[in-house]
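Right after this note come the structures.
Heads up, the next two complexes both have chain A, just with different partners, chain B and then chain C.
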Partner chain A sequence: MLKTLNRLLVFREPAVPRYEFEAGREDRPSAPAGGRAPSGAKKPAGGAPGDTAAFEKKRAEGRRLDAILKGNRPLSTSLDENERLLKEIFREPGNKDIVFRPFSIGTERPRRALLVFFDGPVNTDRQNLSILQPLMLFAGLRPDRIPAERGEPGPAGQEAREELAKRIREALLPGNEVSPAGTVREVVEDVLNANTALLVDGLDTALLIETKAWATRGVGTPQVEAVIRGPQEAFTEQIRINITLIRKTLRRSSLVTEFLPVGRISPLQCAVMYLDDVANPALVAEVKRRLKSVGADYVNESGILEQFIEDMPGAPAPQTLATERPDRVVAGLVEGRVAIMVDGNPWALIVPATFFSLMQAAEDAYNRWPPGTFTRLIRYVGLGLALLLPGAYVAIITHHPEFIPTDLLLAFAGAREPVPFPTAVEVLLMEAAFELIREAGVRIPGTVGTTLGIVGALILGQAAVAANIVSPILIIIVALTALGSFTIPNYPFSNTIRMYRFFYIALGTVLGLFGILVGLFVHLALLARMTSFGVPFLAPVAPVTRSAPDYLWRGPAWEQEERPDYLDPLRRRRQPRISRGWTQRRTGKGDDRPDGR
Partner chain B sequence: MSSGLPRVGFGEAVALLVVFLSMKVLISHLALIFPLGLSASWMIPLMHLPVGLVGAAVIVWLLNRFPGRTIVEIGEELVGPVVNGFFTLFYYVFFVIFTALILRQFAEFMLTGFLPETPLGVAVPAFAAGAAAIVFLGLEALARTARVLFYLLGFSFVLLLLLTSNLWAPHGIMPLWGPGVLALSWAAFSTLGVGVEIFLLALLAPYLPRGRVLAAGLVSVLAAGAVVALATLVSLLVFTYPVVREPVLPMFELARAVQWGRFFVRMETLFLPLWIFSALIGLAAALYICTAVAARALKLPCHRPLILPTLVLILAGAFTPPNFSTAVEVGFVVTAQWSFVPLGAIIGVLVAAAWLRSRRQRRE
Partner chain C sequence: MRRVLTSFVLILMILCLPGCWDYRELDETAWVTAIGLDRGRENVLTVTLQIAVARNIAPAPGGGGGGGGEGLVVTSMEAPSLLSALEFTHAWIDCRVDLSHTKVFIVGRELAESDFTAFIMPLARFPEFRPTVGVLVANGRAENVLREADPVLELSPGKLWDQMTGAWAATEFIPRSDFRRVYIDTGSPGAAGLAALIGVEREKEGPPDPSHKAKGVHMAGTIPRRGGQKIEVMGAAVIEGDRMVGVLNGDETGVAKMVRGTFREMIKTVPDPRHPGRFLTVRVYPREPPAVDVRIGADGMPRVAVLIPLEGSILGIQSGEHYERPERVHQVERAVEKSLMTDARAALDKAQHEFGADFFALGYHAKQRFPTWQAWEEFAWDEKFPDAEISFDFDFKVRRIGILRETVLWR
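Up next is the complex of A and B:
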């Protein structure tokens, strides 16, 4: 009884639950420089994950295996040794999706072999029909003429081994892509790329067989760069499909695709595409130099890669043109630009990018030039509205009401009269609400998207006005600003503009139109100083360079005679001066019309 | 693809020089020209033109003899470091004063026309910060920005003049010769310093395309002369003499006079970019001259470290005049009336030294 009472009354520290993994705790003994933990630290029993010794052992093991991979260790002639090493590298038996499939090659004297692959991303039918079946069942139809002796030293043994590998590759594996590999690293990388490695006892060469079958979605329609007229295909997450989409449109022998691995922890294939007879070699070399120099841990998206290769990371605009449309990539390649694609994501980067290329949409070229030019001008107006309208509204209402004609001023004053906030607060509230709705709209699941639309319309529209929080005029301003930002065809650029809008609101609040213009001047100077892979961002306007009529306005297709001078392409001219040959008069001997008219 | 040295294209140089040479019409320069030229004031810029063209040609001749060098290095080569040190000091001090007075005038204009509640202590640093930012970004950025804005400025200027066409009164420029040919010539001669901004060409030359420095200089002087003459002429046509003597900021009054129907009645805000962008380009160019001259004289590889100290001097200079009218008067006296003498003398000494040197070399 007393014990129970005591237990109830006496304060006790609540029991802290113990976890196996306790990293990041403040009371954890601090690790000495270069070491993990003091040697005297108490070790949890049983080699738990928090165990210092286990930690050190694991780290040492990881370093050893990394060293094997980095050191390009050659494969052994012993199948058992190769198997043991690969199992260590792939963390077998802990790792359950790596498969080591032993079998015998059905020659007169059966030879032990091993397939290594990941369960899932490989095409099992192809494995069965193109690898296992011929090797196990049909190998005896063409017996070894030069059997390789296991471990036989000297040139004779080496020659025999090479001959056997060649024979298997050329006569027994009907797959279209089979390549030999002599190092552990090559085997590991290829297996990671969903191929299958064939190791044969007595051979120090593995055969890497194409068996990729990544799960991927089909070619869909563009989600961000939709057009009414023009191709309706967009890139997918599979780099090979993306390259195929480009090659399908641009059938030219000089179209080169180079692959560069990017990322240290999981090197992803990064494709560099260019027209060898058009793109400036210095530009291509610069792109490759930058990509090769990227020492990033993990680059799985072109947006991450972009940050590693752009000229000025702090600049107020993107310096690459991100697109999901193969036709835009092709248009860029034909102009002399270089395309960069990262495996696993549906966005390609086109470099160099200029301000005017960021403001172009694919459809500009597909329309006749008058509407093409008109829509482009509308887009520039949209850019101006998106960037400056809220700031200018604040500036004019706060500092320059004299600019508003009297009738309109009275309407403004009447609408603003019940609103208790200053204009700047009112604008900031609405802009912040709009940005919230916009961000929520991106994150929200599709099924409840309509709800967001209703909430947004209510908040932005009726409720805010009815509650006298904002004036109806401001709703028009915010709506126009939003529409303006949606007209910007490049999504990253549109995001940048959204962000800078708030600077202009602040400048307009403090210094009126004067502040906005000073800000615009500095903004423009920053853009003028920017470069994208060495090309001035405001080219061909500043600096002035020769270019076809395709920047501020869109000229007719038959006037696009030259490639942009700022790209310094190998071929300057795109088409003859008179590209509409039928407009030329035919006279005299040159008249090849059949009826001689 | 880009080298370390800035590169300025022909169009960029012309845009920069034209704006720099003609920005003064937007402040009170014209108000002090009208009393000198009366109804023929518009002829004064045209009379300045031959001198400006010859001056530009002389500077370019000097620069062409020492390709890749600015006037500071050329001076050191020709007259030695000590004498050239005095020359450089003069350039620096003169352009600091020039920038300070222009800065003060534009800031006062802003306060008078658009921000009456704002203290001078805000407007002056705001202008200075904008100019300093672009000078920090470099000559290339400055020239390219001027080039991009040149279309807008040109369009606004022409629009401003054209929108007042309903107010033009031809008798405003009568009598045609104003105070008479002799007095008019004297008025033009006594204000020859209005083109002192062409000195910028002496610092731009190494970065311009070879062989186009002279063309850039001549085209800029011609275009700027035309701009100033047109602004003077339209002011006279709208306000007529002697009313035109009254406004302190004639071009601003011109903008205020614009009316387009019953709805568009206060159009001066529409032309605000013309003032602000011209001012910032001009101030940035002047600040660049100060810092570049000092950097060259001190053999610094970059002008950036000198921006802040120079800016402090300029701000101090801008706040020194007790009021707007003093700043306008001092500015006119220092630049338009007296700057031509010492600057012309320095250029004359350098040209003579270069000529003597080349003669000596030819003899040897």
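Up next is the complex of A and C:
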């Protein structure tokens, strides 16, 4: 309030700001200052003629440059022409990020050359020491192989040009990754990837030199999938680091990482990782097929990518398993699943995902099996509570009071006596309040986060009861529901479940437990109908397939003998029947060591 | 997107169809915890409802509600039948009366003796009425019992009734008398129903006579006591055919329970065989279900031999005699068997000669002797029962002697 007042007094902002550009407005004062006009304003009716012309000109220019990139235009031998084209593509006179650094290579007869790179994401030390220094200063040190200057263009010069390119690449650039490029498009893409392009006058090949130095966050601890026991590393926003984290845990030659660019306006690298000798090739092919076909404008989060590649967009559960934990990805890869990562975000997708994999936490496997199974069962109880408790409460209270022990019933009735709302309204009110608090908790800036706790505790706790808005029993119901929903380890799945509980409240209100059972039946039918990359969502329960004891019941680690049948992996068996070799008496015949490789 | 929207709207429309007809709020319902039925004064029946006042039993912490007020409301009305009385209540009870939490059903003795089944048995059809409801006969008017029933140790009347009727498992003198049992026993040829007897505390004390009397000679309404809540449950009413034929005292009820197999536990005080005027106290449990052997003699009369295997522990030896020694334990066993035998003879005499009603449910065992239901019906057990040859045998074994190895004698 004070801030607003201050701003108004001191800065005296004009009450109605003047806009230079307004889409679709008839009397636009001037031509669009920059940027594209929105597509809705293709032909502003009755607009000034100069205006439309500028718009159309800009559009034509964009299309022409796109065509150059898409058309795989080869580089010219003329440095000037290449420079002009690249400047045009990078919108140089306006764009201050792109750097064109002309210099000359210190050969006997100096040659003009040009470095193209973005200011910021490149490693300047590396540029100085391993590109500019050798090219400018040491190019003449080994005169024996300096190519002679013969006729410039034509077939005779071609040999010399290749010789020069080879010489620069092999002898003069000490960088670890240098690759030649023949087209404008390759140059542009690599420069966008924070590498440096070296263009030499007279050569129609550019050299792309690795100089990436993106600003990234270090490897941190998992924020969402925290565990007590187990690795405490999480993915970061840099895909290379993420892949490194996986390779660090899974050192196997058959671990394949394939890159597929996704997105039209700014293609981001998507990595597809799988074990070549375990994952079903059909599954890998299907993942790649779907990724290649994605015609998305811009995909910067795996959550967006997920929506493009999932089997059933309207289904009542996520069909990919998003995780920020490298160890979970590795566990998935070892089972024969495929991991998809998007550059620039710390969430990997594991496909196919099943209901039971969404309900697993990484820690289940790290604990001994009795507590592992126990915590997993607790989680299923939580799932049931989160989904059904408020609905069942309304149903039982309003339709089946004979279910409740008399004393409890009288306690409920007594507590409800001063509450003016019907039970269903009361439940909806409190559940909505809880959803508000949860959503606010996510959105609230950290510095004022503590106030939320106070407000939430007051609304959900004391005050609502004291004001006779809700009965105290309902607070318990809402709290149990909330706790239940937070035990679901997969956040997207938890959100889905929380949403569906409102359906169950409606069904419980209208039809009682019968309604809830009908709803549950339909819900299960929908889940059973779902597939994730062709794998039934409820596998291995529906349809029944073979699986190690690792869905409802978490068996001991040495009982996990087979990979899930529904993945149809190339290697079915994970471990021999007896993987604790020491429990057997030595027979001297053969070695019973687990077949890990 | 259109499909999703369409299905959403369709689901909403389907949800509107049922219309919430069964939706009823807890606080808009009057929870009847007990029903009393008596011969009417201005109509056929006097129906008494005991209604729990939830507001006072479990007051909301937010305040507002009374607190400290009465947890119960008892209201009586004159009506032609029970279910029409329920409708009647709308006239002065602002909430809808609901029987789904009714715990007991009490019939006044006067009504029970003239017409028991006609007013109670139709309830089996009524969906709100649970078959686990306790059926009790009031030793007096049910109306009075319900007016005096006020929980002392509990807050909730539901718990009061649950505890009172559930006591059958802790003593021998309260029969297990839920609606289902009474209904089946009363309706079946070959058994008489047994309903627990409930009464209001006696009004004046008996004449002074400090001699030994077994506790089992009493029944509800005559228990010599002072203080505590006003109502009491002890003994049983025997229901044969369509009406009640008589009452059993505590000991007789105990024998009936032993033969029926619903006996769980009792504490028996028996005369010391070697010290007149001194007594032994033992705890008695069933060892095995009773073995009932029924034979139909050549004359068509049934001969029944009942063996009741019991076991138990010695709780007290007043005389200090060393009965707990292995070679003398049998003396305790014989004494207990003798005492039980006396009770059994009294009960059998009542069953065969006073009531002519098989409240031991021996007919259920006899039934197994007949190949078809028709044969069993033709046999007419109820008519032959009074003249049947019935013998009881108790087999009591002492298993434990308590936590004293020997009584220390203060001489």
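FYI, the second predicted complex is superposed on the first by the 526 of 597 C-alpha atoms of A that agree within 3 Å, B and C clash if a C-alpha of one lies under 4 Å from a C-alpha of the other, contacts with A are read in each partner's own complex, and residues count from 1 in each chain.
Note that a residue touches a chain if its C-beta (ideal position, glycine included) is under 8 Å from a C-beta of that chain, and two chains touch if they have at least 3 such contacts.
Just so we're clear, the structure is a prediction, and the values are computed from it rather than from any experiment.
Novice: First (chain B), second (chain C), both or neither: which does A:Pro418 touch?
Specialist: second
Novice: Go through the superposed model and pick first if A:Ser471 touches only chain B, second if only chain C, both, or neither.
Specialist: Second partner only, chain C.
Novice: Touch check for A:Leu524: first (chain B), second (chain C), both, or neither?
Specialist: Only chain B; A:Leu524 stays clear of chain C.
Novice: Could you look at A:Gly314 and tell me whether it touches chain B, chain C, both or neither (first, second, both, neither)?
Specialist: Touch status of A:Gly314: second partner only.
Novice: Under the stated touch criterion, which partner chain does A:Glu402 make contact with: chain B (first), chain C (second), both, or neither?
Specialist: Both partners, chain B and chain C.
Novice: Between chain B and chain C, whom does A:Ala282 touch in the aligned arrangement: first, second, both, or neither?
Specialist: It touches chain B, and chain C stays clear.
Novice: Just to be sure I read the superposition right, which of the two partners does A:Leu511 touch: chain B = first, chain C = second, or both, or neither?
Specialist: both
Novice: Taking the superposition on A as described, I'd like to know which of chain B and chain C A:Ala440 touches: first, second, both or neither.
Specialist: A:Ala440 sits against neither chain B nor chain C.
Novice: Same chain A residues contacting chain B and chain C, which ones?
Specialist: Shared contact residues on chain A: 399, 402, 405-407, 511-512, 515.
Novice: Please give the residue numbers of chain A that touch chain C in the complex, ascending.
Specialist: Listed in rising order, the residues are 314, 397-399, 401-402, 405-407, 409-419, 422-424, 465-468, 471-472, 506-507, 509-512, 515.
Novice: Okay, in this complex, where on chain A does chain B touch?
Specialist: Checking each residue of chain A against chain B gives 282-283, 286, 396, 399-400, 402-403, 405-407, 511-515, 517-518, 521-522, 524-526, 528-529, 531, 533-536, 538, 541-544, 568.
Novice: Give the list of chain B residues in touch with chain A in this complex.
Specialist: The touching residues are 1-2, 7, 9, 11-12, 110, 114-115, 118, 122-123, 126-127, 129-130, 133-134, 137-138, 140-145, 147-149, 262-266, 269-270, 272-273, 276-277, 280.
Novice: Taking the complex as given, what residues does chain C use to touch chain A?
Specialist: By the definition above, chain C touches chain A via 3-4, 15, 18-20, 22-27, 29, 31, 33, 52, 54-65, 98, 100-101, 103, 128, 130, 156, 158-159, 162.
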